[in-house]
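Shared between the two complexes below is chain A, which pairs with chain B and chain C, respectively.
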Partner chain A sequence: MRDSDRKLYLASLTDRLVKGQMGRRDFLRLAGKLGLGAGALGMGMHRGPFNFVPSAAAQEALQPSADILKWVADAGKPFAGTTLKLATESTPPSNALNSQLKKYFEEASGIKVEIEVLPLEQVLQKLTLDVASSLGTYDLYYIDQSWAASFSQDVFDPREQLQKTDLAMPNYNIDDFLPALVDGIAMYDGRMVGVPYDIPIFIMIYRKDIYDELGLKAPATMAELASNSKAIMDAKGPAMAGIAGQMKSGHYSLECEWTSMLWGHGGSIFNPDKKFVGNDEAGLEAMAYWTELKKSMPAGVDGWTWDGQGQAVAQGVAASMLSWGEFFPYFDDPSQTKISGLCEVAVPPAATSLRTKDQTAFGETPGVGHQGGSTLAVSKYSKSPDAAWVFMQWATCADTQSLITALGGGTGPTRTSVYDDPRVKANARVGAGTTRHLPVVRETIAKHMGSEPDLPEWAQISSDTIPVSLGKYFAGGYGSAKEAMDDIATQVDTILKG
Partner chain B sequence: MNQSAFARTTRTIAGWAVVGLFFFPIYFWTSVAFRNAKDIFNWPPIFFDFQPTVRNFEQVFGISLGFDFGNQEAVTPGGGNFYMAPRLWDSIVVASLSTVLAIAVATLASYALSRMAFRGRHQFVSWVLSTRMMPPVAVAIPMFFIFKQFNLLDTYTGVILVHALMNLPLAVLLLKSFFDDIPAEIDESALLDGASRWTIFRRIVLPMAKGGIAATAVLCFIFSWTEFLFVLTLTQTGLKTVPVVSSTFVTSIGTAWGNMAALGAAAIVPAFIVILLVQRHLVRGLTMGSLKQ
Partner chain C sequence: MSVAQVKRIAISDSPWPWLLPLIALLIVFTVYPFFYNVWLSVHEFMPRTRSLKFVGVDNWVQLWNDARFWGSLGVTFAYFAVALVIELALGMAIALLLDAELPGFGALRAVLSMTLVIPPAIAGMMFLLLQDPQFGVVTYLLNWLGLLDKSTPILATSSTALAGVLLAEIWQWTPFMVLIFLAGLRSLPAEPFEAAMIDGASSFQMFRRLTLPMMSRVIAVAVLLRGIDLFRVFDYVFTMTSGGPGTTTYTLSYYAWQQTFSFLKWGYGATLSLTSLIIVMVLAEVFIRLAKVRW
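What follows is the complex of A and B.
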């Protein structure tokens, strides 16, 4: 039996044991046939404070490849004793690396890795300070896609780093990263600003039980999204709303939702002349649609970021959301929510019409599946760039990325091969850390992904200018959507003129 | 004056209502720490009828408490991403030592300002006050560069120093007012009897100002315990205090409210103990100087 099949079979056994579909005796018998009897027995018999059969068994199956660790040991040897620092947002991949995987790298290489996990705004503050001081307090940068332009000159292009053959990981295969993500997250002005590290993306998440009860189907168009949401609101509201939004005034999440609506109605943020065109006919159509859709959302949605939006679905306050796919494993976790197994996923509704990339500027790519995500890159100011490069290759190679997806709660992979990895596929069932939504995530990336423009001023425009004005519009601060969008256009023009 | 039963009852009810008003947020926050995630955001809200769990505490402190409420799951081996016990210790060390340092320097400085006449004394007091007028963020960034130069970034020494410096102006001004309330004639009598300034300070004035020192120390401790910006800017992975790590419960897939509440509830305890220890002096200190003869 191949190693990957063996792991897949063991993961499947573990899953059945966790779900109570198999007794421990049968589990041990079958695990024993895989040559894991003694280990599994040990796990089952010793129940100290930190021992738990399922996680221990899962860890047996989910360990880094010996070949990869051998390369880490060889490549990392000259840098043993070095300490690397990385500041990152608290995302599933970073948390899986920090708490479960980096120990393997440290043991093999002798390089110590300190990962500082922070909210996104604080990561930006830390990186800005590091770049401004050129002190190299961090060796690796976690770069949100909206900052790519700002930090593009402060990190090494991984394609150039791969030229150092003595430090290049065999079969690292940079072409394995999903091309759409490389283009949407990592590329700026011909430079590759790190490699894609994680990919939250908008997909359709809906309560299958509610949809079935009301005879609805997953929305295939924006019009169906609105009509489905209204039908649920009419039948179940106000206790349960049709759809949850992320519409907190002044918060980046509001801008994310807006782009999805805008792109979904044939609009774009910029035209080829680099002028803001969110106030054109398509933009206003999107605003009218969104304003109407908001009537099918729960009260209080104006105060919610994606956090509140996710909670609304998790608590059964709303029956659907067009939002980040990485929430789905959380919904499926019976220890976290009351809706485990009740949600299904679908690709985002088709846009009424869609502008092409040529009809926009700054690399903006319209698509209802708003793409977030980040890259991982080695800082140019690092005192140990080679050691950081060794770590970065290990952290973003296919093997580690598969482990991150399996251990990190079903987060969306950025490499093609990871979607097909048996360890990842083994988790495609209802329950914590499910990966059953990943085929939809993959299809959304390939066919429905929308990418924000890349320009140095984008962080300010996306996190302040647009969400503050949109918040003001929904609070009644403008006479009309046209007035609001015209005001945003004026502000954006002023910012771009410097 | 005899009070009617009605007045007494009304007063008792009003008293309990006020206590309830202040106690309820603490109760609710603490109860969140004992809830499973799915029991936190119920609508209508649940205040008492939930299945308790210690899992949030187990995750935050990286230990297994061994309780079994029916659906107890094991903690992540070796502590997961929300393992924050060392950060509570960091907070205790930073708040305690920075308070000791601030009080040690401030008592000497404020005694001198209270008792000794020297040129520019009043201007000096104004200058001390003016250091509190600058927005902390304006100080934090230059401080980052200075600390990096002196290898103080991400160290206990650095954070203790900056918290002591942050609290010093307030401590000096408060303690000066407490020392001012102690009649200078006592010092003069002791001087006539041959006591040195140091003896007067240590043997006479300091014991008389115990209440004021306790009140000032509590304020310094609380300010350090809750300070966010300097710790965020001047630390990385070496140490962090509770307010800064509390923000790390905000993740890209939502906020871990249960874990945050567990750390928050646990973080109340040390501050509460400090206040209990100095409670006797605290009330006296806080009311010191409120009445003039």
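What follows is the complex of A and C.
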């Protein structure tokens, strides 16, 4: 029966029920024959086998705390009518704030918030122009961890802002932010460059069904990652590759993957003398490993950023990836992919050896779990810094962060308490917006996180020098990995000399 | 100003009231940006101090010693030459084929113009998908014909990446040549061709001795317009390869954009774009003189 006919028939049945021409039992029997579940009749049943939280109920539960909104109303009252502007990358927290949560803040405070969602490089351009002109076009800055050094003097240190007791949110608890993130993302030269806002981080995501079929276990070491990937490639390739990569020449994603390989083999980008050492023995070992691992990747990997990598796993082209954990809720969403419930997560494979922070420079922290987090800070050039500070506290407080995690599709929280929030834990099931990967994300942040160095030249080095040369290497443009890495070393030295 | 004065100006013979708005627009959008660019090329933005610092000719010296600049210039010239020759030859061939009143040809001519209204960035995305190593139609066809190994991604292989980008360029802009040439062919007088046919000239002879010489000015204008555009190629490179693999598809415009907006080297970016402008102006001037283009 066509859908339109079914709806017409249902309408006539409902009409007869309402007019008393049909009993309730007959109505349900006929409606059942029509193939309509009780859920379709609005009786509150869940939508599918994995969706244990009815969406309406979930939305009702996901409301901001009344106490928090009361504080927003009180603290924001003097600034009612102000308009705040924030330029941010399209990340789950920003999208959740923009589309679902900022209305609560605006209604309570009377402060209007305009959030510009842009590609990352455009955010950098906007912030740089704003800083150069000191116009204060943007009241709040979204600061990628690689820009912390550049903008450290252009934003307020939140610890200093908290001293203003009349505007401080009760129980804001700045110590609740994960210490590893505060250290890895927010701190530069003794200043806190905003508070940790989001934390995409590399974790191991793999197809459990494929691993089980081939008798494999989640890789605990880099060697196992390679052998597992090869085993899958041998058994299922080329239709399904062992692992997907993010290896587009000239793109930052290639540098991200490289650091994970480099750190995973005991290497580092810089030594304590601030010299590039990606071309040392450990660096070359990483390159040899990566070159070999690439043989277990799909043919198109040279053209993929993280988006292509995620799509490869989502479409069943690859069985695993060592990449951003925020992809996982997407894989679990049955309306988006056909692999919902088939993927599992694990902490990144252990490094063969790991350099300490003291053995590197510019705050570089080796770890296979490459992190790409960002902070949120109030601009020193803002014309309404107090109103911006009220918004920032609300946007990064535990209550709002829990809502962001639950509504924003299971993005990694930056506060300890959010991981334990019942609303977040309630979503730890297979399905859209799952949070079942968050324990692994939390453990990765605590034990396996790798942070890039902080230096003003890093934007150029990480987004051009390294990925362009690596792309050239993988396209056969160098005679050897040593030649490629030596060339990068020369270029980096030239850049650092200015 | 009174109504009478406005009326007097409006009906006067002076061209200035009508030229002034255009001149104002030119000053705001062309003259000022040009001089600002020249000024910027002798300065550099200092990220640490957030200020522009006078650097004299440093940016020009850096340009001279910059291997990436010379590489991108080479890629731009290669792109320019290959695309222009193919678009010219293909455009003329298709125009000659369509220069007839056969059923359906009118619709064909209309369809041809459709590629021109697609934004180049969208065309770039289309060809990115068409050349995808997993599911791309172009990749599949080349594999099927045995011209490409299955493990060779077109846009990620040094030897094929530029050709992959050129494919999008040629697909989108050959119709531009076709339309210009068709307009030229339609305006040619019929008499010389009728006389040649009576004298027993072959089609090729008529093309070489009549069509080409009479079309020379149209061809010259098409080459000039397309050539200037080709030298500024950016969209396809940005969407399809980001200049890669390595620096294989790094064009001058892409390099200037990257230096300006990704690395905030505004002075050096201005120097690169000025260099591009100078090269285009010199080439265009030489071509105009050689081809005796008259406007």
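One rule holds for everything that comes next: the second predicted complex is superposed on the first by the 442 of 498 C-alpha atoms of A that agree within 3 Å, B and C clash if a C-alpha of one lies under 4 Å from a C-alpha of the other, contacts with A are read in each partner's own complex, and residues count from 1 in each chain.
Throughout what follows, contacts are C-beta pairs under 8 Å (C-beta built on N, C-alpha and C of every residue); 3 or more make two chains touch, one makes a residue touch a chain.
Quick caveat: nothing in here was measured; it's all calculated off a predicted structure.
Engineer: On the A-aligned overlay, A:317 touches which partner chain: chain B = first, chain C = second, or both, or neither?
Structural biologist: Both partners, chain B and chain C.
Engineer: I'd like to know which partner A:327 touches here: chain B for first, chain C for second, both or neither.
Structural biologist: Touch partner of A:327: chain B, not chain C.
Engineer: Quick check on the superposed pair: does A:471 touch chain B, chain C, both, or neither? Answer first, second, both or neither.
Structural biologist: Touch partner of A:471: chain C, not chain B.
Engineer: In the superposed arrangement, which partner chain does A:299 touch: chain B (first), chain C (second), both, or neither?
Structural biologist: second
Engineer: Would you sort A:88 into first (chain B), second (chain C), both or neither based on which partner it touches?
Structural biologist: neither
Engineer: Would you sort A:251 into first (chain B), second (chain C), both or neither based on which partner it touches?
Structural biologist: In the superposition, A:251 touches chain C alone.
Engineer: Of the partners chain B and chain C, which touch A:146 in the superposed model: first, second, both, neither?
Structural biologist: After superposition on chain A, A:146 lies in contact with neither partner.
Engineer: Under the stated touch criterion, name the partner, chain B or chain C, that contacts more residues in chain A.
Structural biologist: The partner that reaches more residues of chain A in the superposed model: B.
Engineer: Using the touch definition from the top, say if A:405 reaches chain B (first), chain C (second), both or neither.
Structural biologist: Neither: A:405 stays clear of chain B and chain C.
Engineer: Applying the touch criterion given at the start, work out whether A:337 contacts chain B, chain C, both or neither, answering first, second, both or neither.
Structural biologist: In the superposed model, A:337 contacts chain B only, not chain C.
Engineer: Would you tell me the residues on chain A in contact with chain B in one complex that are also in contact with chain C in the other?
Structural biologist: 125, 317
Engineer: Mind pulling up the chain A residues that touch chain C in the complex?
Structural biologist: Touch residues, chain A against chain C: 121, 124-125, 128, 131-132, 134, 150, 238, 248-251, 298-300, 302-303, 317, 456, 459-460, 463-464, 468-469, 471-477.
Engineer: Residues of chain B touching chain A in their complex?
Structural biologist: 36-38, 41-43, 63-64, 66, 71, 73-81, 83, 141, 144-145, 148, 153, 232-233, 236-237, 247-255
Engineer: Over in the complex, which chain C residues touch chain A? Could you list them?
Structural biologist: Per the stated touch rule, the residues are 45, 47-48, 50-51, 128, 132-134, 150-153, 155-158, 161, 241-248, 258, 261-264.
Engineer: Quick check: in the complex, which residue numbers of chain A touch chain B?
Structural biologist: Going through chain A, the ones touching chain B are 49-52, 55-56, 59, 85, 87, 89-92, 95, 98-100, 114-120, 122, 125, 129, 133, 135, 137-138, 200, 306-307, 310-311, 314-315, 317, 324, 326-327, 330, 335-338, 409.
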